[in-house]
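Take a look at the structures listed below.
Across the two complexes that follow, chain A remains constant while its partner is chain B and subsequently chain C.
Showing the complex of A and B:
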């Protein structure tokens, strides 16, 4: 980089990039994979460095300016030691989803002793990213897992990912127990990166829950997670994610998903913790007749910032997508929903609907809802709606006149508001789990 | 001691005075009817008694069972035994009627230091009360008033009154929007609730309701005051002669 450019660059950006540069250099030797893998990482890091942390002039990141919210990329977290794993265990128990097979990642490293790999049945294969990247036999797989996009945070993840889970579910296999991927942070003032992969073969069915939690006393960490998901033809996946990070943490999760012909994906994204949280899901309805149902809930207070950004790409005919998001924002919280629906020229008979509603509980609360349609096919049915506002005073008075305190009346109305999104979860156990997670938010708010 | 005592009540909305020194006394066990033309302040009175925000009380007293109502929040008034059947009951999507009824009833009981009803006990009570009002069970599973007809909404108000067993019921135009059959069901529900310890204030434009629920006392309101009180004969006179005669008296 020449001197003139460096001078013209805002100081923050320059600092951030220097920090990131050091982070990548310092992490060499900790990043699994040599040869071709190391090349992919180096190129990904160059791609990241060219643009740096996303900021408000990058359209997709307009409302979540990481130059301001993150400032820089922190040093890579140390692999967890025995004491970190003990603290992680308590957090894992708190987060547990009953009956599920746990796959636990602590500070970016797979933790076999906290996981239930032995309980996996036939037809389900779980490897760690580390194993895949270090085995020369799975070179093709490595390339697939590390596939990337133009998004800076995904490029950074490609460069820095230390571990992850690589899950393949065989053709026709129906998972009897849900998989629960639990990301635990025990570290403070450090970053960690995981890259995972989930493949459901044709006709396979399963439930995958993902939780993002922190161990006691972990603070100020930055988590960056990417998962690549392939849902085979006529396969069915229920996927629920909950971010419940430490109050001053940053957590950016990206998911790149392809849904096959007549396959069904039921996805739910919840944010109820962290200082800065973002889901960015890039979903391609790749096969004819694929069905997608995404629901999401952002629950915010104090100065929390939560962003759920989806790109739903109808790339084949006769696909259906339903998106339904709810935000409840208290304090000086800020909720962002961005939903872009694309209907490609071939995607005739696309049927897409997107609804985003925000409930603002204080004068400082903010919600930014941005629905977008990009329609290239002529025979489609696409619609969107976005609203934001406070609780209805006349409803509050009615409930008060029936004996409910202001707090209880508010809570009843908020639960009903959230229920509209939670009802979209197809699996009853996942629905109960989502409800219990929202109850934790109510408890924290009191 | 009267159950409700309103003395020299002055109420403003956005700086404009609506009630100009209203007096009203309701004794235990009595059914009062308040009649009067549009804009005479009838609904304002019901809102102020139950504590709806947006009204400034600039003078006067409001006592319920001898206690100052103006110092209580709406939920505290409800727990004390005050009930308003709304002229326009609100719709609450996503909250089933059954859940709403139970939450409200148990909140009131809790505020009074009583234990909450168990689910089976509550369900039995609610189903029995619903049956008497010709409310189908399926309605109880729907969102509160969501998709209910005008008549169903009013019956739902009476159902709540029957479950909460308040000491003072204010019925704000409970007869509006009801056909003759629905009016009879609602009136039967109200009559079934009459008792020596329970009082009612029925706000209405029309004599018709009073054929079904016969009041002990009838008041005429005009321009923010009670201008005349009498027995049920007064309502019949009004029906014949209209409200115009009172416009000057006020």
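Showing the complex of A and C:
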């Protein structure tokens, strides 16, 4: 088996790399930014090419082998034309979050006509990545937005990002209406890349929802999105993300987040669509007394593969983090949770807890949990728990004896199971939104 | 309280850097030429007058080893090992053929006496006194196989075991006396194509213990092997094979020490356990190789592959380990739960101090129906050490009704050490129920304050908390070992308090 793979891999890798090189070369003319920006892109692409698509021998991607699941990087999607935008509009309406200010990205390009930029109040500044990269005045900003890590998919994104939103919320500003960033894919058999940036100044508060959806007839696309998030000192951010991609799409979303001192971040990640979806969040609690709450649910069926990977880095003392994840896996789905908690040597009094629970509904379903603790400070309280199992037969029997159909009994238990994670969303509107999203999964399952 | 006070006294007696077993025995030994090649493998095989199939098997392992590179995924760091700078075989030079224990080189006998290991057939180990009215001491006999560098020097209680039908002898002897049995089972749990260090062991293993318990027999006494590295620049590569036939039961203990030296020595052992229908194997280890001095110089590199195969229905394998020594520990005793209703257990205490690095844990592979496993791991990191738990629990599609419960807790003493937990939980079956929990914390200030306020010293208080922390695992050790292990733990943590 190993021998077969060892033989197969170099060739696959070579093929994938050739494809990627072609994709990067072909896209050159369409990537905004010249001079220093172009250098950053070229270097990022080199970094990507050195390792290629992540595979199972790369520890962080052990359970999500993109060499198998993606095979190679598809050509860059064309900018959306009028018909694509029309189809996108329908999808945006479906995904809309009531009362929110929409910022829409279609196939990796900002769509001003579908967005509500005009409704933005004072103290909130939204630019597109294209504007930032093409204006020489914001050189420092460009470097910040394109900051990167050693992860291959983020490097690839740095090289290929065509557009995105760059949002700055001024110090002390409290957003009255939530921002809703909607990523729409209208394309087929193509890839798109966005890079966004969200900065909350000190003491600012806001709510940001991010949706990943597909327009009618879009299929087989690859989305790769990165967002850099800076939460200033004493600021507060509620952030919810929902992935509801087309059934055969690949979507890799990364977030690099830094949380300032005594700031609060409440994050929720949901996956309920797509063939291969992955969230990877690298969260640094950089200021003393920061508070983090990350919850998430993966709702899978058929052959879906969903992966939520988190690294929570307690880099300052007195920080608190709570993580709570649930996966419901039906059909031949596969859910992956990897959560690493790091407590740095001077992060004394760190308090971290992580729970991941998987519910398997069929004999083909699979759940892989990898919670990790990496502790270098002694005065800490860190713990994690992971469970996986099926529905409790005795509970099903109890409900059945009280006249519930098997389907209803199952649904009731699953809703209760998911509830534990959804309850962690601090904002009531977001909580309702998340619940309504889970209902769509129940409907699709029936 | 008594235990706590004894612990403190013990610490007071031993200064910093006191490794009790760090002496060296000066005896002449017979070594293979330095370095590793096919010739070395042939040399060892010839020394042991092994049959042809075994030499072939070793050579196959050696060739497999050549195709591999050293694994780097573990959280341990050490300078490259020069595999050509090691003696792969060292045996005390026999003065004449031995016919009884009295003819063993008195230097070696003295060594084991100093270590507290009775090679004469005595019944009681240090620290255990028969309780008044308790079981008669005859029931607490322990049969010992003593391995000195590359060879076994003595095995006690052979005759009595033979009466019960139990085969307990050095594996080199078993290869000569029971070649069919060895050939049938050797390498069936850890094949020649296993990991890097296991391949190396398969190629050059020199001795170790062999145990066969026939069907329906409950082994009348504890079996034990004591490993001692003595010679300079040598590696120790022992191979242990334990087979519990249908309905049998055996409890096996293993202990290890080495002289105190500035160089690092390699220890790459392989242990294979096979439990057939309704059989039970209990395997306990107290590992106390030289851990290096307070600056992190010297110490044993301990790269060990231990694996048990619950081949039969209703079989059970239980691993208990107390890891206090070695500069580097890389060890994952695992259970392959193949038989329906089989059970695997893993109880571990891993203590690291000074510059020690421990990367240890277990793997539980659930293959059969209604298999269950339990993992309890307690890690204590002190000084500048790194202590990692790495574990895997997996259930495949056919493992209907598999169950696992894992608890791994880490305790940090001091702010220069690190404790990490890396579990992998893989469920491919909806009827498998897996639970994993882990915590990392330090000794609570409140608890220490409470104890001190009631008249205990700081050391006593810490020792009390540590003893409570690891009690769950200590209880799983056979009594003779539990007492010794508890003392060992207090010494390992010495200097880390206050």
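Everything below uses one rule, namely that the second predicted complex is superposed on the first by the 437 of 446 C-alpha atoms of A that agree within 3 Å, B and C clash if a C-alpha of one lies under 4 Å from a C-alpha of the other, contacts with A are read in each partner's own complex, and residues count from 1 in each chain.
Here, contacts are C-beta pairs under 8 Å (C-beta built on N, C-alpha and C of every residue); 3 or more make two chains touch, one makes a residue touch a chain.
In this text the structure is predicted, and so the values were computed from the model without any measurement.
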Contacts of A:216 with chain B and chain C, given as first, second, both or neither: neither
Which superposed partner A:81 touches (first chain B, second chain C, both, neither): neither
More chain A residues in contact [chain B versus chain C]: C
Which superposed partner A:39 touches (first chain B, second chain C, both, neither): neither
Touching partner for A:419 - first (chain B), second (chain C), both, neither: first
Touching partner for A:383 - first (chain B), second (chain C), both, neither: second
Residues of chain C that touch chain A when the two form their complex: 73, 397, 410, 412-442
Contact set on chain B toward chain A in their complex: 50-53, 73-75, 77-79, 83-84, 86, 89-90, 92-95, 100, 103-105, 107-108, 111, 143, 160, 164
Contacting residues of chain A [partner chain C, same complex]: 59, 345, 348, 358, 360-390
Of chain A, residues touching chain B in the complex: 392-395, 397-406, 408-409, 412-413, 415-417, 419-420
